[in-house]
Structure formats: structure tokens, C-alpha cells
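Next come two complexes built around chain A: one with chain B, the other with chain C.
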Partner chain A sequence: MNKFLLFLFAISLSSLLHAQDKFFTKTGKVYFDATAPKSPEKITAVNKSATCVLDTKTGNMQFSLLMKGFEFERALMQEHFNENYAESTKFPKSEFKGNIAENANVNYTKDGVYVVKVKGQLTLHGETKEVETSGTVSVKGGSISLAATFTINLEEYKVNVPTVVGDKVSKTAKITVDCALEPLKK
Partner chain B sequence: MLKKHLFPLIFLFVTLFSNRIIAQPADDLLSLVGEDKPKKEFVKNAFKSTKVINGHSMEFLSAGTMDFRILHRFGLLDQGYKNFFGLDQASMRMAFDFGLLPNLMAGIGRSTYKKEVDGFIKYAPIRQATGTKGLPLTIAIVSGMTWNTAPWPDPTIHNYNTSRLAYYFQGIFGRKFSESLSLQLSPTLLHRNIVALNTTPNDEYSIGFAGRYKVTKRMAITWDYFYRINGREKNVTFDPISIGIDIETGGHVFQLHVSNCVGMNERAFLDETTSNWLKGGIRFGFNLSRVFQLKSHNE
Partner chain C sequence: MIMTQKRKTTLIILSFLLLLAAGAVYYGYREYYRTNTSLERSTPNFTMAADELINSFSSDEKGANAKFLDRIIQVNGTIKSVDKDEKGYYTLVISNPTSMSSVRCSMDSLEMQKASLVKTNQTLAVKGICTGYNADEMGLGADVILNRCIIVEN
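For the complex of A and B:
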């Protein structure tokens, strides 16, 4: 009987160990840049509390962040971002649900930098659109970093940029993602 | 036999079952890390500016910013084309307001009307917030002072410098009811060190009713009315009533309005509003606000 118990225990333990394929962070960085080419001031912000979960087995990844978490250098700009553009009270969150294409090519147990293609759905300002970008997966000493830069068309997400500020605020925004992930312990 | 194996069997099921949950390629990966609890978050942008029209609003400047304000009040509209509907005469106030803390600000200004300098400090011990432990309204207190620097009307008598001063204390109870509607109530005490008639009390009590309704993202209708409880001189002074629109462009807020008062500080518009709405005594005016960032926002 004792042997049987030990056997069961071993099975459950091994299955738990085996499940160690998810990585996450709650302090991911997402940069936002909608500076128009000739703008005298920079329309940039950073969100330092993005949540990201990556399933290394399937290559599925999900990001979530609070729009009010974007910090601008100028308080008024931040207010306008939340009030007039992102409408953060109405649409508090932005999410991305995507997948690493050819996830099998990434060896998550070996240190290295892998260039990958990511495809998924980005929800922003209540609108969901397809986004495709290339990025990097860096594996180093058991932790994983994700980095990518892509551009979104604000009009597609029904974010209206009035012509009055057209010389400062671009109609497209460059999004830069930089997340250092840790193993998800359950 | 069954009883003997019951424990291991349960154990087996539990481990296998829990294992299944973990190993499942969960559709919602984010749920694995747990949802963040709704944080306490202060409600912002109840008003586009720190002044409704004439009176203080429940809104504060962000810390480290300066608001440069230029205010104009023109002549009476019914003066017709001769005076271009009052635009030929302008009374002006220039002011600098500073955001010191998220709930503390101070400002100083000067009006052409009576060459009056005014200053105030505004502090909110309670701010409207969402989330757990969030309070449903903002309570702010304002303390201000005005200083008349015009030459003495009668230099032949002995004049006291303190006669130039007046003080006001105001509480603001405000709430942003929705994205578009904000309302506030402001009981006010105005103390003038000197009054013209001995029948006029030095302390004047009044209560302000103000609000804004957002029509579009960048435009709002505002109103600002003070009901004066005592100290009125019938047919001489009237309750100040103003109705306007706020227009926000990138860095500026334009507050255009019609009102019956010339004064742009509490003493002047509570005490010396001499035209009557009911008799067409209205004038056009505007406030222009430009906010500058003095200190980097994220430090």
C-alpha cells in the first residue's frame, strides 16, 4: 500500500513539474508613441504595469493593461489621452491575444534570441483588430523576455485625432512591448 | 477493500484533475495570474478648468503645473453697434495658478477693475474616487483675499490700509455624476473690511450652484450662479449668473460666456454685480487658460 501511495505521489509530482511551461509578468513595459513627424513636442507614454502570460507549449500569449496606467511627461497630455482619445473610463483595458507562429522553432530551455512572428487580436478603445508583427523571444537562465514593435492605425480603433492637433498627434501610433517573464508557479 | 483504497483513489483523482486544470492550454491565460482588484482611483476632469466660469470648481491642477489665465469681461451687449455690443470696453484679469499637490493649489491674479490683486489657496481634504473605499464626492475649501490698489477715493481723510482688504472662505461640495454631468454647491462667506453704507453687513453669505454638461468630448456647457443670502441692496446689486461653453483645444481651454458681472474675483462679482439679467444687463466674456508643465510629471 505504501508503495502504491508513493507511486501516486510521484505521478502527481511529475505532472506538476511537467506543467511548468507558463511564464508571466505583471510589470511588463509597453511604450506608446504618436508623435507627428514635425511635432515640436513628443507625444509619448509608457505603461509599466502590463500583464503578460506566455504558454511556451503552445506559443499562445496574452497581454492586458490598464489605459490609465500610461504615464506621460506632461500631466495635461495624460489627461487628454484618457479623456479625449482613449476614453479610459469607458474602455479601461486594452488586451492582446495572440500566438507565436512556428513556436516549435523556439527552444525555451536553451539560452538564445529567437526571431518570431506573432499574430493575434488587439482590443483597444473597444475595437478588436488583427495585428501581425515580428518580435524576439530571448531565453536566458530560465527566464524569458519578449520584445516587439508595431504600428497601429488609430482610425481603425475609432480613436479620432482632430485636425487642430494634426501637426502634433500622428494618426498612427508606434507600440513597443518589452516584457521580462518569470515562471508561473501554481 | 474499497474502504482501504478510498484515500489513494481520491488522491489520484484529485491530482489528476488538478493536473488537468493546470495542463489545459487555457483559453484565457490571463485568468491564471488573477484579476487585479479595482483600485481606488481619484475621479478627474469633473470640470475642464479649475474655475467653472467665475467661481472655483472642484477641479485641481495637476501637481507641478502652472495655469496662465487671461480673463475678459466686456461691456453690456445692449450697447449696440456703437460700442460693438460691448466689445469696445474690456475689463481684464490676468492670473497665475499653480498646482502644488494633486489636491492643493494656489493662485494670484490682478484685475483692471478697481486695480485689485487677489490670491487664493484651495485644498481638497476629500476627493471623489472610484473603487473600494472611494468616496462619492469632492469636498474642497478655498481661502482667498483681495487687495484694492486703486488710489483712495477721498485722500483728504485718514485712510487705513486694511480698508483695502477683503477675504472670502468657500467650501465646495462637488460630484462628477457621469462622464458628462458634474454638479457642485459652494457655500461662501465674504468679509469686507470696509463697506460703503452702514446698513451693509461686512459679512456676506452666499451659496453657489454650478455645473457642467459635456456636449462633445471637447465641448461643454457650464453654468455658475451665486445666491446671496444677505447683503443685497435691492435694485443696486444682483446675484451673479453666468452661462457659458468650454472649448478645449490641445493646450488651451476657452471659456466663453454671457454673464451679468464684471468682477473676476469673489469680492467683485459677489459684491458689485450691478446689472440685471431680467433687464438685458448681460455682457460677453471669456476666460483663456493655458497650462504649462513646470516639473516633469513622473517623478
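For the complex of A and C:
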């Protein structure tokens, strides 16, 4: 009888652990900064509704956000971003599909901060390019936080920055990702 | 200086042009620095049940995008959850209890206090700007997302 109970306990425990494989959020923060050096004003925006799913078993991660979700201080800047640069009506979404390299080195069951390398494909303005960046995975009290900052070349994504605005808008954009993930309950 | 009729006219025209120029500069300045104002006093372009909005997108995303993107939409429905993220930003999730799809209302920064008082299963109306639709690609359910949302008082 005892062995049977132990067996049942082991099964239920393992199913519980399996349920903690995937973590997600729909309120991930992604910051965009294309301020040119010496620019008189900041060209920055924040998207507070990024979706992120992380499979802790494989290190596979996916991000998705709506371009029109980027909020700028100045309404005119937001309109120009959507209409002239990102062409958000044509390309409403941006996605990232990648992996945490050497995911096995991250202990998702123990609180801690792990510096990791992430590699994947970023799709922006209809173009998909390889992106590699370092980031941190913070495990605390059953939640996982992901943070990373990387720079992209806007030209690579066919986003045209006219020379006339070159003193304000940089040809490169700094992307900062900041997400707090919770377990996905099946 | 003798004010001839010709000089007088020229002066009037110049003053008028100056006034026009000043007006243009003022307007340009206002427009350049215009911030996204609260939607509290804005009339919604569309008013509908949350389910109806979700169905419009799930059945014809392209058509719904053309119709709803950047428009002020007022949705009414039941609160499935009140999501508060680690930075204190609120999102009201309006959904039919049996559905996996929802309308996610990212609240205006000035509306956080009111949002914190909202309870699950409450029915209310919220208006915001439609930023688009996330089809169910990652097994998390589909969402229509509204930004700068305000709770509509009756």
C-alpha cells in the first residue's frame, strides 16, 4: 500500500513539475530608442503589451507585439513612426523566435540570476534577420524575469531614415526587453 | 511720416500677413508638441460588446484592421481578470468566461487608480484606441488590444 501511495505521489509531483515548463506574459515591456547622438529630443517609445512565451525545458522563446502599441510622448512622433517608418498598417506585428543558448545551464527551479546568450530571428517591417544578444534570466519565487538590450540596424529591416532627420533619428535603434513571466497553467 | 492711402493699405496688408504668419507658427508649435490626450472626453467611433469585436477580427482580420485600427472603440463586457504588471500598469481583460479570446484594455496612465478598484466578473464599459489583433498563435488565446483605455462612467 505504501509503495503504491509513494508511486502515486511521485506521478503527481512529476506532472506538477511538467506543468511548470512553459512561462508566459501578455504585458511584456519593450522599449525602443532611436535617438541620434546630440539630438535635441528623445526618439523613444514603450510597448507595454508584448506577448512572450518561454519553454524552460528547451530554452525556446517567442515574442510578439503590435507595432501600433508603441507609445510615444509626442502624438506627431507616434504618427510618423507608424505611417512613415514602421508602416504599421502594412506590417502590424513584430516577432522574435529564438533560443537561450546552453539552456541547460539555467536552473529554473532555483532562485538566481543567470546571464545567457539568446539567438534568434527578429521580424520587423516585414523583414526577418538573425539577432544575437546577451540577457539575463532571473528566477524568483516561481516567476521568471527576462531582460535584454540589443541594437538593430534599421536599414536591415528596410526602415528608411531620411538624411533630413538624421540629426534626430538614428539609423540604429536600441531595443530593451523587460518581461515578467508566470507559469502557463494547462 | 505722411500716411498716404497706399501706405495705409500696405501697412494693413503687412499686419494681416504677420498675423497669419504668427498664427501658423503658433499652430505648428502646438501640433509639434501635442501629446496623446486622455480619451475621457472623446466620442467613440464604435460601441459594441467585447464578443462582437473579437468575432470581427477572428472572422476577417484584414477587414477588421481596416475598420478598427486607430479608432476609438468602446467595448462592454465582463471582466475576466485585472492584470497589474511589475511596473504597476493595469490591463483590464474583458472576455466571455467560456472563451479563450479577450479584449485586453491597456489602461491610460491616469486611470490606474480607477482600474485598481475593478473586480473580476464585474460588467463595465471601457473605451480605448484599437492597436490590433493577436491571433492565437502560441496557444494563449486570441486578443484584441486597446490602448490608453478609460472606464466609461454611466
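The rule is short, and it goes like this: the second predicted complex is superposed on the first by the 168 of 186 C-alpha atoms of A that agree within 3 Å, B and C clash if a C-alpha of one lies under 4 Å from a C-alpha of the other, contacts with A are read in each partner's own complex, and residues count from 1 in each chain.
As a convention for this text, a residue touches a chain if its C-beta (ideal position, glycine included) is under 8 Å from a C-beta of that chain, and two chains touch if they have at least 3 such contacts.
All values reported here derive from a predicted model rather than from experimental measurement.
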| item | value |
| --- | --- |
| Clash or fit, chain B versus chain C on superposed chain A | clash |
| Partner chain(s) touched by A:T51 [first = chain B, second = chain C, both, neither] | both |
| Touched partner set for A:Q62, first chain B, second chain C, both or neither | both |
| Partner chain(s) touched by A:T89 [first = chain B, second = chain C, both, neither] | both |
| More chain A residues in contact [chain B versus chain C] | B |
| Contacts of A:T27 with chain B and chain C, given as first, second, both or neither | second |
| Partner chain in contact with A:E73 - chain B first, chain C second, else both or neither | both |
| Chain B versus chain C as contact partner of A:V164, first or second or both or neither | first |
| Contacts of A:T172 with chain B and chain C, given as first, second, both or neither | neither |
| Partner chain(s) touched by A:N99 [first = chain B, second = chain C, both, neither] | neither |
| Single chain B stretch clashing with chain C - from 5-13, 59-67, 149-157 or 185-193 | 59-67 |
| Doubly contacted residues of chain A, that is, touched by chain B and again by chain C | 24, 26, 51, 53, 62, 64, 66, 68, 71-76, 78, 89, 184 |
| Residues of chain A that touch chain B when the two form their complex | 1, 4-5, 8, 11-12, 15-16, 18-19, 22, 24, 26, 51, 53-55, 57-58, 60-62, 64, 66, 68, 71-76, 78-80, 82-84, 87, 89-90, 95, 162, 164-165, 168, 184, 186 |
| Contact set on chain B toward chain A in their complex | 4, 8, 11-12, 15-16, 19, 22-23, 25-26, 28-30, 32-33, 36, 41, 44-45, 62-65, 99, 179, 217-218, 248-251, 291, 293, 296-298 |
| Contact set on chain A toward chain C in their complex | 24-27, 29, 48-49, 51, 53, 62, 64, 66-69, 71-76, 78, 89, 92-93, 145, 180, 184 |
| Chain A partner contacts - residues on chain C that touch it in the complex | 31-36, 65, 69-70, 83, 85-87, 89, 91, 104, 106, 131-134, 137-138, 140, 143, 145, 147-148 |
